[in-house]
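Taking it in order: structure first as structure tokens, then the write-up.
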Amino acid sequence: MCRFLAYQGEPVFLDTVVSKPCHSLIHQSMRATECKTSTNGDGFGLGWYGERPEPGIYRDLRPAWSDDNLLSICNQVRSPMFFAHVRAATGTATARANCHPFTHGRSLFMHNGQIGGFGKIRRQVEAMIPDELYMHRVGTTDSEAIFLAAMGRGARENAGEAFGSVLGEICAMMRAANINEAMRFAACFTDGETLHAFRWACDEKAPTLYWRPGHSSVQVVSEPLDESHEHWNAVPQGSMLTVRGGQVVELQAFNVTVH
Amino acid sequence: MCRFLAYQGEPVFLDTVVSKPCHSLIHQSMRATECKTSTNGDGFGLGWYGERPEPGIYRDLRPAWSDDNLLSICNQVRSPMFFAHVRAATGTATARANCHPFTHGRSLFMHNGQIGGFGKIRRQVEAMIPDELYMHRVGTTDSEAIFLAAMGRGARENAGEAFGSVLGEICAMMRAANINEAMRFAACFTDGETLHAFRWACDEKAPTLYWRPGHSSVQVVSEPLDESHEHWNAVPQGSMLTVRGGQVVELQAFNVTVH
Amino acid sequence: MCRFLAYQGEPVFLDTVVSKPCHSLIHQSMRATECKTSTNGDGFGLGWYGERPEPGIYRDLRPAWSDDNLLSICNQVRSPMFFAHVRAATGTATARANCHPFTHGRSLFMHNGQIGGFGKIRRQVEAMIPDELYMHRVGTTDSEAIFLAAMGRGARENAGEAFGSVLGEICAMMRAANINEAMRFAACFTDGETLHAFRWACDEKAPTLYWRPGHSSVQVVSEPLDESHEHWNAVPQGSMLTVRGGQVVELQAFNVTVH
Amino acid sequence: MCRFLAYQGEPVFLDTVVSKPCHSLIHQSMRATECKTSTNGDGFGLGWYGERPEPGIYRDLRPAWSDDNLLSICNQVRSPMFFAHVRAATGTATARANCHPFTHGRSLFMHNGQIGGFGKIRRQVEAMIPDELYMHRVGTTDSEAIFLAAMGRGARENAGEAFGSVLGEICAMMRAANINEAMRFAACFTDGETLHAFRWACDEKAPTLYWRPGHSSVQVVSEPLDESHEHWNAVPQGSMLTVRGGQVVELQAFNVTVH
């Protein structure tokens, strides 16, 4: 399990949500409260949009809580859309290449959850990645494979369909391989304009996911950044939240059909 | 706060105590139970004696729980005396040079605790280190400063006196600087032959420290390596345990006189 | 390009060959003389045999020249067979998982060279790795893929045939993919008993490889460890050197048939 | 020896000078041409001014040439003044805390050179740092000590006097300690507004230093960023260059009086 947050709206300094809140993501890296492992110390990552078309990326394998660079970057950078993620590894190595968010072109993706028994079907899952994207696979996680597979299925054009189709196919592979562990998926994806947040699990035990509207911004988080849950809305299981222009524009069903 | 263990006796593979027990030191790096911070993820270190007069040292700033090198070294190395330490930083940087154990010549030292308000009296504490040892100070911790100061006061000849004198002087500095925080000290020191374990605090709230005799070996730990406390003896506050030839040879008062 | 050394024979401390010679492997990490890039600063690795059936492994992504742990381990460990490698990355990330030597069970492998245009045929090369070994692929290098593919073809039983068959098949893939870059291969493999050193390239420009017999030991190196080339014998291109019991037992042709 | 660059003027993306030129600073990290060691692989650092009063800092102990984060940050950040540095360690550890630039409040400092025999007079040099700044010393380099000592002597108000006085005093210490090695100093300092570049050595063998005026900007570098030296002016030995508003406002003598 991991913890993450995504922001879209009025440009703000990253520290506003990443490091300053009392239960900020950096605080959650050592003391998360809504997941099985309270420690998310297996690396971290930032992805943010600035003046360039491609997002900036800062990832490292150290724990987020002790990284001065991370604090400094969050203190300096102001952005209208950014992702931040702290990792608790589930079987793959602690390495920079396995840290979220993942990026390709203008897109960013991050994930909390896992493909149960991934080791057994890894090659099949990777086979879903088109050749021209496969050379961009630099790590070994299930998350990066899902991202690249969905990119190959038009995630930029229709994120819900692309991820739904990828997840459905993986669930079928898991079933065929007699894997009893679940597939769980809380994730954020953006093409640089529209932000999609997903919450789904094949066993209805999806990782927590919340969103909070601001004046002209939306935050999506694994767990609230303060002790009160008052302003935070749970994303229902089996849903996809769509944010554009700093507003939630849609909360719709996220359908994963397992053939 | 940190967690550590020391072993002396029949040569054993390091993994026997460092990684294999159910509540091994590596397990404690993520889930310590007897200290305020359960996470000890700010680096780790090993020091062991082999065929050379000087001990081997392996330290890194990553969390112990995700380091494959550490597992491999513990699996390979067999030693009659070794120290292992997982760090929870108290104010100084997460850096290899700040990881325990510290070494000089044949000696090893590791520490759990802190000098309250160290920043305010750091220069004075460092002034206790003789010039010829000062050039060996490579980090910025209070622990390394205590070690080098005690080395300069004959820790190899009389560990109890050397550390007692250093701690007493530091407590006087703290008092003069109106520091209200406590000085706490659970530590192990060896000259390569005799192992000394200390437990002391100026406010009687010394970090926990246990020892366990084996057939022809002694283990000293911050907290027991298994769930049962049955075979583990608490080192009393204000005491120094002396181990030689795989046997406890003395448990005596550790006197710190503050002038 | 990378630099490596392998030792088999009377147990010696690793520093004897890894760090103490004037042009030791650690020296070569900054100033190699017989390859295009003099800097081999993209990580390093050690693999050594001790009392356990499996070799010990110490790898890191830092340059070898500044790693105190490496010096200490080389100073402590005495072994009858070990591999050491310093890396100059050729397209894949600087990451611990991409550092040599690679290990599986009792075997070790390290490589200097590359599969030209690997990115274009990566998936095909990986398809040569059997399923039960694919889950042990933790990095993204061509070298690790060659190793696991050869393991799947019986490298432990017949190293020459296994590697020859793998390389031949890859060359055919390269040809089919219209890759003009060469495949070059200087490598060492051992099952824990017998050491095989290979030197081959599809364009006859194989990386340098030397061996030197000692009283009861053999060293295999990318470049001599001292300035004199006097005692070092070049392994001819297209050859495989076999070392057992600290003696060269065979120097034979290494045949790679490209279908 | 190290390599560095400083920029002041029209805001530009950092990659314009840090990574894109043919002999960029990142290129120099592996192949510097005007210093004894061509490899500057012992860490790197960036300091830049943005919307906040304090500069942003990104430093790491890896070589600059293999760090994707560095490329991404340089690609994203646009700044009117920034420092970049690649390190070749001269005796102190490869650690993040020893990487340049150093910062305090709004100021930045970076250095190429060394205090000869620093180990012998380290404590004396450190004694020049006022108590209130000493707690900000987090590494062990001579460079950081010079910076903090000069800060204590009013570097923000009169950089030339402050650094001149610090260097003069250190030279006197070196002489008293019978140190024969030289003190060499090429450095940049800024209070966030005015940039000062220094070139001096007690033996007249100061590290190289160049500056180049642009339309409304000035670059100061250890060695030119392209093969031609045409547009680059050597800063004379014993000089201090002052840059304000993207213009060189003064090139004056830098006097170091050794008492």
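For reference, chains read A, B, C and D in written order, and residue numbers begin at 1 within each chain.
Quick note on the criterion: contacts are C-beta pairs under 8 Å (C-beta built on N, C-alpha and C of every residue); 3 or more make two chains touch, one makes a residue touch a chain.
For clarity, every value in this text was computed on a predicted model and none was experimentally measured.
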Indicate whether more than half of the residue numbers at the chain A-chain B interface occur in both copies; give same if so and different if not.
same
Does C-D or A-D have more contacting C-beta pairs?
A-D
How many angstrom lie between the CA centroids of chain A and chain D, rounded to a whole number?
39
Where chain C touches two or more other chains at once, the residues are 68, 93, 96
Interfacial residue positions of chain A with respect to chain B in the complex:
30, 38-39, 41-42, 61-63, 65-66, 68, 89, 93-94
Within their complex, chain C touches chain B through residues 13, 48, 50-52, 54, 56-60, 68-69, 72-73, 75-78, 96
What residues on chain D touch chain B, complex-wise?
92-93, 95-97, 119-120, 122-123, 126, 131, 134-135, 137-140
